[in-house]
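Sharing a structure here in structure tokens format.
Going by the order they are written in, the chains are A, B, C and D; count residues from 1 in each one.
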Amino acid sequence: MALSLDNANYQFIKMTAGAIVTLGIYTVLYKETKIYRFLEHMFLGLAAGLSLTLLWTQTLHDLWWGRMVGKTADKPGEWSQNGAWAWVLLLPLAGMAYTIFSRKHNWMSRVPIGILIGITAGQAIQNWFNQYGPQVENSIKPVIPTDWSRMTVPSKSGLTPEAIATIDNNLYLSQAINNLIFLATLLCVLSYFIFCTDFKTKFMTRMSSTGRLVLMVGFGAIFGTTIMTRFGLLIDRMYFVWIEWLMESLPRMVRGG
Amino acid sequence: MQYYDTGYLQFVFVVVLVFFLIFNIVRARKGKSLFIRRIAGLNAIDEAVGRSTEMGRPVLMVPGLSNLGPVGIQAVNIFSYITRKAAKFGTPIKMCLADAALFSVAQEIIRDVYQSEGVPDQFDPTSVRFISDRQFAFAAGVVGIILREKVAACFLMGDWYAESLILAESANEIGAIQVAASTITTQTPFLIAACDYVLIGDEFYAASAYLSREPVLVGSLVGQDWSKLLIAAIIIVLTVQTSIEKAFIPQTYQESQEGAGKVWTTKQIPPHLKKKAELFERRLFYPHDPEALNPKRQKLKLDPWDKDDSGG
Amino acid sequence: MNLLAQLAPPNTFWTAHNGSTLLWVEIIVAFLLGCGVVFGLAYIPKELRKPIIVTATFLGGFYFVLQYMWPQAQDYTKTEVPRNSVESVSFWLQSSLPTVTNFNQVLTGLLLGLGIASLLRVHIGRVVKKHQDWPYSLTLVISMVVMTVFGYWDWYSKLGPGAEKATLANPQIFPNFGWNFLFEGLFINLDAVMYSMIAFFIFSAAYRSFRLRSAEATVLLGTAVLVMLSLMGGVLVGWDRVVDALGGSGHGAVATFMGNFRLGNIKDWVQNYVQSPSIRAIEFGLAIGLLAMSLRLWLGIEKGING
Amino acid sequence: MDDQMDKPKKSLGEKLQSVSRNALYLTLFGVVSISLVLSHWMGIQVPSQPQDCTKDAYKILRNIPEGQTMVIDTGTTNASRGESGCQMEATLRMMMREKVKFVLYTWVEPQCVEVAKSMIAKINVERRTAKPPQPEYREWDDYVILGFFPDGGTMLQTVASNIREAWGAKKEKDTAGNERGVFESPVLQNVRRVEDLKAYVPISPTNLMPTIVSRVGRKVPVISMCAGVMFPEQYNYYKSGQLKGLLNGLLGAVELESLMDKGIDADGVVGGKAAGAPLAASFPGQKNMARASDYYFAFCCAMALLLVTILVGNVGMMLERRGAR
């Protein structure tokens, strides 16, 4: 049958479903309604089904089954990959995890779990410096100006590349001050996260309270930037319901075509 | 690979940190009592549990999307403490998880808690639940539970992403006391806006030590402080050094790699202001800069933001 | 060791040609042996349990720690031959990495059943007990089954070279349309809706919490509003016009100075010199906490899980 | 939640401070819906002032010579259509008008490719119905879709060293309908090294930068189109020159569209009329202001509403305090 997936009627059915679930889910904003409860459970069911599907189609089929039984060559003259029987040992190993449902042998579940924990912990230790070392390096900024002739960075418009390069390499007073602020902020916040010494000196208490204040600045900025994304998505959803579905696609269907 | 790339610095650095941690753990085990500063959010736990006991409504605990790893387990440890409190008063609990492996761990730990409190029959296996490993399906499910069960206290601790606010606000709507902690910094502001108490950043890891006063934990907490001080010290010292170097010590030679053996050779050049790549701290962290000289290393160049957390 | 560094053909002790009886025999035997070991474990004395768990954990982590500590070649290729023992170890570490990560993924994947089991336990329980919400639980179970069936059916119908394009050109009503409707029509939309709902919550959260109560709240509010304003075209344009008017035209000192007060620049300044260092400091704290936690877990001195 | 029950009489201050959730939600819902419909009907345009990072992006994209090839690395799903979708559509429109060929693939989620395909189809319809009608953009001749790469990191690594090896295995139906390797297509036949690509444009809500920049960043101009959430992080890459251009979520998309409408003149002024060849010309007389601009009015309204509500809350608090004194 030649009905294709982007057939107009089918698309409309899909969009309608989309519109219905959208408004249905939004009812929870008023109160926890039966519609929401229904959609919620459907959603959970679909999600579980999806996970089960992807588990095989995207993980186990290639990464486990494929390696265990090997592959035949797609093209002639191409090496086929041998099967490695040892992969089957993962079954009993994973099986041990399922003992948590038994009262007597549940301790065994901790063996595979333990291995996994070990791996994640090991990876964390391994990646640690790669992740944070560069941030440490990046926080080291010179604070002594190299060019006192002027306060701010001169504008670079219409200068030779060499001139621009020198300007970039120079450190002007304003930049130095900024770097100093950067350093101060960093240290203040860091001092707020010292737990095991109660600060006797006024200076340190000041510092950590400033730290907390500065943190709030950072959080405020994050709040602001995130709002755009969130509102963008809401607007898009509304656009889908009101414009695309109600104003464009519904009339088209009614007119029949 | 890194080893080769950043010289011995990272090796030494991490080893020192590890030493700090272990040294202090040993010290604490020897029974040296150590101070921990007050953490407001954690003192609120008793209040929250007490309140839900009065109202006879369940306590909800959610470790966000944390999977089986340090963060998830830390969260479950904190929850086990809360559960102990709840078990004392016979307050019902609910725990919702988004990771099957972590779910099994939680199941185990919570069961142990009830056993050690001597009320194994109080433990309801369905109180610790796997909801879904899909972010928003999970959110939808937990919101449903929050609104239906009318939880009185809500603990959101662990890896939180966009779904954090959905839960926090729904819980706030039914007037639950909320204590939250996110290891994903971009989510903290929303938790601050919606919850009563928020553990910021590191306080999340300090929590278990703070609550249980376990020597091992307290010791390693002290170790963590030392490590932070070390980082601060490194930054300060190197900043001073770099500033001086940048301002007063011109670059007078140029390095390059030549020959089959890739020998480093240096040649004299007219002195100029040091470029970033020529500064000591840069050479310390990236021994094989300047990149221009050896493209081979470029692909391995460490990146300040080399981790993939989609804040969305 | 070769088990980890998986070899390509010809046959070795660890591998056999796919489809061959030998392979199947090996697989079955290995499986039975594995199960045997597991059953054996079930009856070992209590005091051996903890050591076993701790060792398992330690070994799991040890591989990566070793990989971290061991000197390793800059650009290793599978064809290279080690010159000495150090190199052979490092080569083995590198060549086996994919296998270990793969092992990790598969094992984690196989645990998904635990979650599903818990889910079904709760909801089938409700259906059986005729709990007040049982119809909803039934919905959950049904939609899960349907999704799974169609998922596999659709996947199967697209197996084999070229089959994918063929089915897309001429989809079969049940597998392909069914799956497409369930996934794109329902699941994706539900996902998008939940995501978009955050906007409402941000809205009310901002209303309640953004009050000039304390210094902290004020600062939070101030920065947030500043950034929000910089996102609103009209305001941005207006503000900057005023600033430019004050600064006068051209690249003069005043202009460059006033230029700093363009809304965008203020925002950038806050983000670069206040936000990023403060966030970075938090990150350092978290990082060290993570390191400590990982260490405790790896060495098995973490109470909750290891003991 | 509103506590009318236990407090029958409330001062104005208290009222202003305890507006019920449902009222808030309803207002937001209403404002967004209405402003959307309005802006869709009347085509209301909010002025926007492109930031430098957007301008740079536009300059590069606008000046890719005709017939050259670029990469679109999409992570856009239906859930993120509000931001990435807008950026995607604008970019596609632009590329098609410049007759720049492009390669499209994803390593975020397989479904992203489908989303992109439907967008291309939509824009093709636009081009057909435009007056004067423009030729449709055809797969294989004008663009190729490589589909989904499970391991983007490794793929990009190979791309950096040997692009033909990285993508060589991929097949496409040519216009005659028979399967051929993508490198035989008009799009890729002249691409021998990664440097032959004129631009690499990731359009994704998730943060792909660490992977991309560290691998191909120094060989191709990378122009990131990110979600607002990611902007602060990615801005660092832009400042350090690792990104040649950067779009800030919805706002970035709006700015891009307005640049397509106004262009950048020789002095680098947006919509300026300075003599000499413009740095980046506009597309006069074409549908430049599209989805993003449609959304932007609604967005500004929502933001305004938010600011007002915050204000109301604070005024309420002030009043109450005054009352208390």
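Heads up, the rule we're going with is that a residue touches a chain if its C-beta (ideal position, glycine included) is under 8 Å from a C-beta of that chain, and two chains touch if they have at least 3 such contacts.
The model shown is predicted, which means the values in this text are computed figures rather than measured ones.
Asks: From chain A, what is the lowest number of touch steps before chain D is reached?
Replies: Between chain A and chain D, the shortest chain-hopping route counts 1.
Asks: Looking only at C-beta pairs that count as contacts, which pair of chains has more of them, A-C or C-D?
Replies: A-C
Asks: Taking each chain's centre as the mean of its Cα atoms, which chain lies farthest from chain B?
Replies: D
Asks: Distance between chain A and chain C based on Cα centroids, please, to the nearest Å.
Replies: Each chain reduced to its C-alpha mean, chain A and chain C end up 8 Å apart.
Asks: Which whole number of Å gives the spacing of the CA centres of chain B and chain D?
Replies: The computed centroid separation for chain B versus chain D comes out at 32 Å.
Asks: Distance between chain C and chain D based on Cα centroids, please, to the nearest Å.
Replies: That pair's centroid distance is 25 Å.
Asks: Please work out the Cα centroid separation of chain A and chain B, and write it as a whole number of Å.
Replies: 15
Asks: Which residues does chain A have that touch at least 2 chains other than itself?
Replies: 25-26, 28-29, 37, 39-41, 43-44, 46-48, 50-51, 97, 100, 110, 113, 116-117, 120-121, 124-125, 128, 131, 135-136, 138-139, 183, 186-187, 190, 193, 215, 219-223, 225-229, 231, 233-234, 236-237
Asks: Where does chain D touch two or more other chains at once, residue-wise?
Replies: 21, 25, 28-29, 79-82, 205, 227-229, 232, 236, 251, 299, 302-303, 306
Asks: By residue number and range, which residues of chain B touch two or more other chains?
Replies: Where chain B meets two or more other chains at a single residue, that happens at 2, 14, 67-68, 70, 73, 101, 104-105, 107, 131-134, 136-137, 140, 148, 185-186, 188-190, 192-193, 200-202, 206, 221, 224, 228, 231, 303-304, 306-307, 311-312.
Asks: Using the touch definition from the top, list the residues of chain D that touch chain A in their complex.
Replies: Residues of chain D touching chain A: 21-22, 25, 28-29, 32-33, 36-37, 40, 79-83, 85-86, 118, 121, 150, 205, 227-229, 231-232, 248-251, 291, 294-295, 298-299, 302-303, 306.
Asks: Residue numbers of chain A touching chain D in their complex, please.
Replies: It comes out as residues 6, 26, 29-30, 58, 221-222, 225-229, 231-239, 242-243, 247.
Asks: Flag every residue of chain B that touches chain A in the complex, lowest number first.
Replies: 2, 6, 9-10, 13-14, 34-37, 39, 67-70, 73, 101, 104-105, 107-108, 111, 131-134, 136-138, 140-141, 143-144, 147-148, 185-186, 188-190, 192-193, 200-203, 206, 210, 218, 221-222, 224-225, 228-229, 231-232, 234-236, 238-239, 242-247, 273, 275, 281-282, 284-286, 302-304, 306-307, 311-312
Asks: Inside the complex, what are the residues of chain D that reach chain C?
Replies: Residues in contact with chain C: 17, 19, 21, 24-25, 28-29, 46-49, 51, 77-79, 81-82, 111, 114, 173, 179, 228, 232, 235-236, 239, 251, 254, 296, 299-300, 302-307, 309-310, 312-314, 317.
Asks: Which part of chain A faces chain B closely enough to touch in the complex?
Replies: By the definition above, chain A touches chain B via 25, 28, 31-32, 36-37, 39-41, 43-44, 46-48, 50-51, 97, 100, 106, 109-110, 113, 116-117, 120-121, 124-125, 128-131, 133-146, 166, 169-171, 183, 186-187, 190-191, 193-198, 215, 219-220, 222-223, 226, 229.
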